[in-house]
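See the structures that follow.
Two complexes follow with chain A in common, the first pairing it with chain B and the second with chain C.
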Partner chain A sequence: MTLASPPVPGLAPTLRRRAATRRAARLYPGVYWLGGVVFIGAVVALVVAVAQGSASAFAHAGLGFFWSTTWNPDAGDYAAGTLVVGTLVTTGAAMVLAVPVGLGVAVALSEVVPRRVAAALGPAVEFLAAVPSIVVGLWALLILSPVFASTVEPFLRGVPGLHWIFSGPAYGPSLLLAAVVLAVMTLPTIVALSRSALGAVPAADREAAMALGATRWQMIRTAVLPAARSGILAAVTLAVGRALGESIAVALVIGNRPVLPHSLISPGATLGTGIVNQFAEASPGVQTSAVIGLGAVLLVLTVAVNAAGQWILRRPAGVDTPPRGPVPSTDPGAETRAALVAHGWSASARPPVRASAVGTLARRRRSGRAAEWLCRTAVLVGLVPLGALLWFTVAKGAGAVSVSFITHGPTPPGVPGGGISTAITGTARIVGLALLLAIPTGLAASLLLYERRGRVAAAVRFAADVLTGVPSILIGVFAYTVLVRPLHHASTVAAAFALAVLMVPIMIRANEESLRTVASDLWEAGMALGASRPSVVRRVVLRQALPGVVTGNLLALSRGVGETAPPLFTVAAPASALTFLIFDQATQAYPEAQRTAWGAALVLLVLVLVSSGASRGVARYLTRKAR
Partner chain B sequence: MGKKGRPWVAAALAAGLALTVVGCSSAAKAGGSSSTTNPGSATAVGGANDLVTAAPVTLDGAGANSIDPFFERVFYDYHQANPKVSVHYSPAGSSAGIKDVQQATVDFGDSEIPMSSTDLAKAHGAILQIPVDLGGVALSYNLPAGPRGIKLDGPTLAGIFTGSITKWDDPAITALNPGATLPPTAIVPVHRADSSGPGWDLDAYLIKTAPAWVARIGTTKPSKTWPVASVGVGQQLNSGIATYIKQTPGAIGFVEFGYALRSGFVNAALKSGAGDFVAPSISSITAAGSVATTLSAKDFSIIDEPGAGAYPLANFSWTLVPQKPTDGAKGLALGKLLDYVVTTGQQVAPGLGYAPLPASVVTLAQQTIATLENPSGGALFRAA
Partner chain C sequence: MLTLEDVQVSFGSHTAVRHVTMSIPPRQVTALVGPSGCGKTTVLRSLNRMHDHTGGRVEGTIKLGDLDLYGPGAQPELIRSCIGMVFQRPNPFPTMSVFDNAVSGLRLNGIRNKKVLRQAAEAALHHAALWDIVKDRLDQPATRLSGGQQQRLCVARALAVEPEVLLMDEPCSALDPVATAKIEALITDLAQELTIVLVTHNMFQARRVSDRTAVFLLDDDRVGELVEEGPTETIFTVPSDPRTKEYVQGLIG
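Our next item is the complex of A and B:
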């Protein structure tokens, strides 16, 4: 670091600087309090908007709203029952598909396959976790759905003994297809989080198991998996939360039939698709209120699940993510084991010796090898849909993308030469404005968490937990309710506001985590040199935490770019945002519209890849520079 | 003291970048090629202020999905001729159009079914309803080996959409199509998952022609929400139905004729009010529109009217505009735009699957446009 000396060494500039420093010192708490209060205010406003918006529906339908099964706007009957069932069934089926495969992949990557393979697949999995759900939906609608109608569903219908879950006509769009979409969408999340939980199991635990004569698989089963259990459980819970709330991609493939399902291959509907399909057209009054009521039910469901996940994740400190930045000197494993035991998890309580007493070494090796092959198979099973998704997006998209496709605006049917320039600039404007709103708020609120431990800090943390679990569709509804309707105008600002609400909690968590990794002796050293608190925070803490802060904010950005629901509810026309455009064009029956959708999906994918790649690159660069 | 802390620099860079993006894109938006062609007759609004020198105007609209291909084309053409006027139309559905007009979140709405007096009462201020296109609803099907133009009547369609007719070679269908060989393929009926104008039209047709349908739905009042959602597949918007039909052998569904035409679908010939079987086409929809001699927003239905060669599922689409727009410049631009839509704009209609408006309806539309008012009161347009 170079110190620029003042041009004239004199007293006046020094005094001026001192005064400025004092002003900054006075302002600093104000800044972080403001950030915290603004954030809490937004979350409270969201909850109030949903509660208020749905009040008249609950008054109209009573408690029956939750379980009654008729939804008939013409008769004034509104109830969420069938949609709750559809939501639970699709999410449940998705988890039946995704959890075993995801766990298998995580175990394989962390324990079984050669390190080089794992190193190649790891980032790929993390990138897949960032693939926008609309792209998954597009692929499922245009590629999977015809295959389901012609092959998969008729086959399942013919499997003896499974008639009770697979029966009726094979339409393609179905609860099952929706579940597959949700499974593909949540698989990378499950893999990435479970893998980091497995990776955080201390080497000492593994070595102990091996020393006691366990085979590799016995070591995994008796030492590694139990120790990573809470992290894995948290990964699954977060995946469940995401699956419950995913709406746009599901609406493309579920068949939208709001009746109680009798078979997994029959069309259905979920709370989220109910909102997608009904919100735009619901007439003011009870109908709108009932649609927001669906949102209220969804909010309660997802927040409960997500809060459970956060709670599990937080409980044993240090298991969830490998520590970034300066590593604490204590052995995290010891803490983890203590915490796990304290909470009743038998971390390594079952000694591997007992297992080793059963069967000969040869048999143990055989069964171990079988289990490991199962994990390797899971990698293949997991890679097939994810690979197909990427392949189709690139192959179909590449045929559409050209220079004029990117630089020209849309043309009406029959007029050639249309492109997606308005959608690209629209998305850029929305995301840019959202970052302007979100970065300062996120940074200020995370500083509040760093500086204070009182009730407000607890409230901010709680609000961030709640908000990360809120499905984006609800945030879209919220932005519509507080900005579009009162201002009588669909706008970029409203879309940016919605995206900011979505991004801030991600930023707060990432920022706080990075701030916490800054070693306390650096902080003490700064204070000991007589620096003011704000200047220590600014020059020492934030500088050290910068890689993490930038990474977190870029991740939030890549999430924001790919969100469909916020623009869907807030901008004037599909051509004003990439994701909205894909949603609109994907459902058109014309080849040229579908080409546009694939092309836009490829552009979107590249944008997400660039921003998530940038986040890694910037983090690495800054970390190296800080050393 | 030295450099400012780098975190701030990074934040400032990010902010600057974002601002640049915002700035650039608003500049880019003003693009659009100039054109020397002038939109033709603006008879009703000829005396209005000239827009050429006015500031750029962006008009936001939302509503019927069925009119979208026509609107997109007309608005595009208009923008080419008048680069200062940009129009965004969100084809979210007729009900969405009505709701957005009631809540004044758009400059104009559009609905296949005009607003009822109950709907109008929920809006702030008077709403003008202007007929802007004449379209039809096709019953399109996907039968790769089957005949084109299968004949269907109300009772058969009711059977298909209530699930009592499940195969294409059902006796009820073969009886209407002597000589045609129908495959034993399963029928997959597709209906709208959202509320819709085409759904209203078909519901109205079935109520008029199929007693079994009335018995099933228990009402004689047509509904925009598809009444038998438990049979078949629900899809969003015309586009969702069209995509599904295209993907699914055996499927049949109702779509706006413009969508069916562009998708290259084969369509059923429906039993008309005059007793013959009529397939949707520009001429049969034109014939259906010509019976609308007493058209008004209250008396709008031309479903299953007797008339030689008249397609039974035809309808007008209605643009909804506040009579007194809050922004005078926008009001002027909108009035001129709508006048263009009902006159010159009709020339592109047949190519997109819509019939040109009958002369009497154009007159009705222009008379209605002429009653637009200034924000301060008084007519927006001087009489031509």
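Our next item is the complex of A and C:
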């Protein structure tokens, strides 16, 4: 009996037919190579576009562009120094607010509060992560800013000893308000990543501390926090990266004054807001190049910070391999006991452990309780902005939303009765088209990562890491320079392209992670049945990974729906995308415009929540079905 | 003297082990043996209230001398500083040096005096037969030691707090035979001044190192129970309970 002549009648033609499908399967590597190459190409194009676009500004100002503080359109002198300072100051202040609170919330949820409470609060924090930044910006501009002008800033100005950071007139929009917005937006990142780092500390470490007589807080401080420190550091680094690049919400509340800040309550500007405000008005030539140059500086900053964060996150935990080779043996026995006595192991010389344990217990418990209460307070502090944000968006938005608001198009400024139908359909078109571009590319590129280990795979992974950290505003600028400007035509396609560039790295990571969870023996089982690799991937691996893939892609979708920068740079009118519409209406003084902004924000929030909720629901459904 | 009276431990609605009544004499090695899942580790962990944080409910009475471990005035932290524990897998604090690991228990119990810490670390490391190996590398991360050395560091860490009782939960299960022999020698040595309660699935080990042995088996309801307890020689040669005989002889032949 040979393989060439199967004994079963009818099997031979079947196997021949299989051979045909195997020929088709030869296309499979072509597909994933193409996905990877397209993706790398897009990232390279982005970097080249930013570099090329900013070349003449750098030629004009030299390396001084990074730190010189002149921005003088009349003389044609441009440099990023002022905005770099503004960016660093707002990010720094945001971290001063967000890191202690975020860490406190993470410790509280992971270690202190009862598991049931944590299970209820955890999703609330994740929910905050899903709120589009434009909604946070709207809330900060229309609700927080007046309170800052009337109460918060005058109060801070009066605090003795803080005059050096809080001085000058209280306008509302300020570096401080921008920092608060950034803190609210980065808090969920810090909480979620720190919490998973804390949760990953093995029970054995905790029990080691407990078995020595530690109180709960001592256990947290001695065993849990040190073991989680690199995860926490990564969380903070990634939050810093996000804060550096967040532009549009910040542009709403920072006051946009490109001068060196002398006080936290004075208006200022960041690299991102500089781009938002000057891109449209910049005259062609050196000024446009200078604005893109701001983007180049921002790119360098955020990519460096994010690379550091990714590196910390991926670095294997600080476990050294034990030395190999023979271990010098010492036999515990009589000589050990003699040595003990020689080294003072007698009753009188023993350290007074028991007395100290008893004597310090009350104090140890007291300080532990105080620390744990601080963590619980952090939860409250963290929940306040979440509650306020939700409350105002729903309360203000509900007043604006009606059937005609959703089904009617916009009216001219000041004319009542306008709606957001064009923005809803515009967003749907942009997002739909972006998904058509992004899903195949993301899937193909992640299959490349799954199948190959060579240089191209490394390049794809690196490009995905870089792109995850690139601020969305830069991607908007990129789409503008490669699609809008050369064609002289703002378009949905350009917006969809920008959005796809934003979504693909998210999808690649999620897809790769779910592909990796498929047990290797499963596809070995498929291969052993004589199936070709592509059909094993399609029928076994992808089917098994499907819940994760769908979840990841839907999460990318929910992020895409809420992005403002891609449409801002690529579509002609605010009314062709929800986020652009909110940005536009929020800054207009008419009460009608603000009503429209709130209504659109509520609709956007619902869309985002539905898609992120759907991603969980679908994942759960598919996982259950797969069992 | 540790005394257990009708101790029962349950997790939610599931009872893990019940009807445990025994005395653990001071300065001897008492081995808890039995098949997996019969509750020997559960009983061990009830002796220093480790179940407080894992949701186990302990009923019955456990006393150390006159102190009721689950009585109204009992402080879990102080109980654990009197009754130390060594775990299945070596678990030195991975971010600490050898020295910091050795004195971690003292620091946790409020001792700050550097000279005292230094002296105690040296004594405890001697006691755990580790001093000669680590004296020149006290500042290195504890994770750089071999598995057996890490486990002895964990013993040293527990000893530094000067417990009256040391609970050892299968301390050799993650170690090779050479390291196991060292830990066993250490156990015998330590029993001269400490009470040791040792959980082991290895009957040879129980016979080699313990003075007394308690046999745990699953009853008809699949709940662990204490079948028989007494001097190790008696348990292994002339057990009074037929189930003990079957179990012990089935494993030793």
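Keep in mind that, in the parts below, the second predicted complex is superposed on the first by the 562 of 627 C-alpha atoms of A that agree within 3 Å, B and C clash if a C-alpha of one lies under 4 Å from a C-alpha of the other, contacts with A are read in each partner's own complex, and residues count from 1 in each chain.
In this text, a residue touches a chain if its C-beta (ideal position, glycine included) is under 8 Å from a C-beta of that chain, and two chains touch if they have at least 3 such contacts.
Quick caveat: nothing in here was measured; it's all calculated off a predicted structure.
Using the contact criterion defined above for the overlaid structures, shared-chain residue A:428 touches chain B, although it does not reach chain C. Within the superposed three-chain model, A:360 lies in touch with chain C and out of touch with chain B [touch as defined at top]. In the superposition on chain A, A:490 makes contact with chain B only, not with chain C. Look at A:212: by the touch rule set out above, it reaches chain C but stays clear of chain B.
Of the two partner chains, chain B is the only one touched by A:409; chain C is not.
By the touch criterion defined above, A:251 lies against chain B but remains apart from chain C after alignment on the C-alpha atoms of chain A.
When the two complexes are overlaid on their common chain A, residue A:272 makes contact with neither chain B nor chain C. If you count the residues of chain A touched by chain B and by chain C, you find the higher number for B. In the superposed model, A:226 makes contact with chain C only, not with chain B. Residue contacts after overlaying the shared chain place A:204 against chain C, while chain B stays out of touching range. Remark: chain B residues 1-3, 5-8, 10-11, 14-15, 17-19, 21-22, 24-26, 28-29, 31-32, 60, 62, 69, 72-73, 75-76, 88-90, 92-96, 98-99, 102-106, 119, 122, 186, 188, 193-195, 223, 225, 227, 229-230, 232-237, 239-240, 242-248, 259, 262-263, 351-352 touch chain A in the complex.
Partner chain C is touched in their complex by these residues of chain A: 202, 204-216, 218, 222-223, 226-227, 229, 317-320, 322-323, 327-333, 336-337, 339-340, 343-345, 349-354, 356-361, 363-365.
Residues 1-4, 17, 72-74, 141, 145-146, 149, 169, 171-173, 251, 255-259, 267, 276-278, 280-285, 288, 409, 411-415, 421-422, 425-426, 428-429, 431-433, 435-436, 439-440, 443, 484-485, 488-490, 538-539, 542-543, 546, 549-550, 553, 572-576, 584, 587-590, 593 of chain A are the ones touching chain B in the complex.
If you check the complex, the residues on chain C that touch chain A are 48, 50, 53, 75, 77-78, 80-82, 84-85, 87, 89, 91-96, 104-111, 113, 116-117, 119-120, 122-123, 126-133, 141, 143-150, 154, 157-158, 160-162, 178, 182, 185-186, 189.
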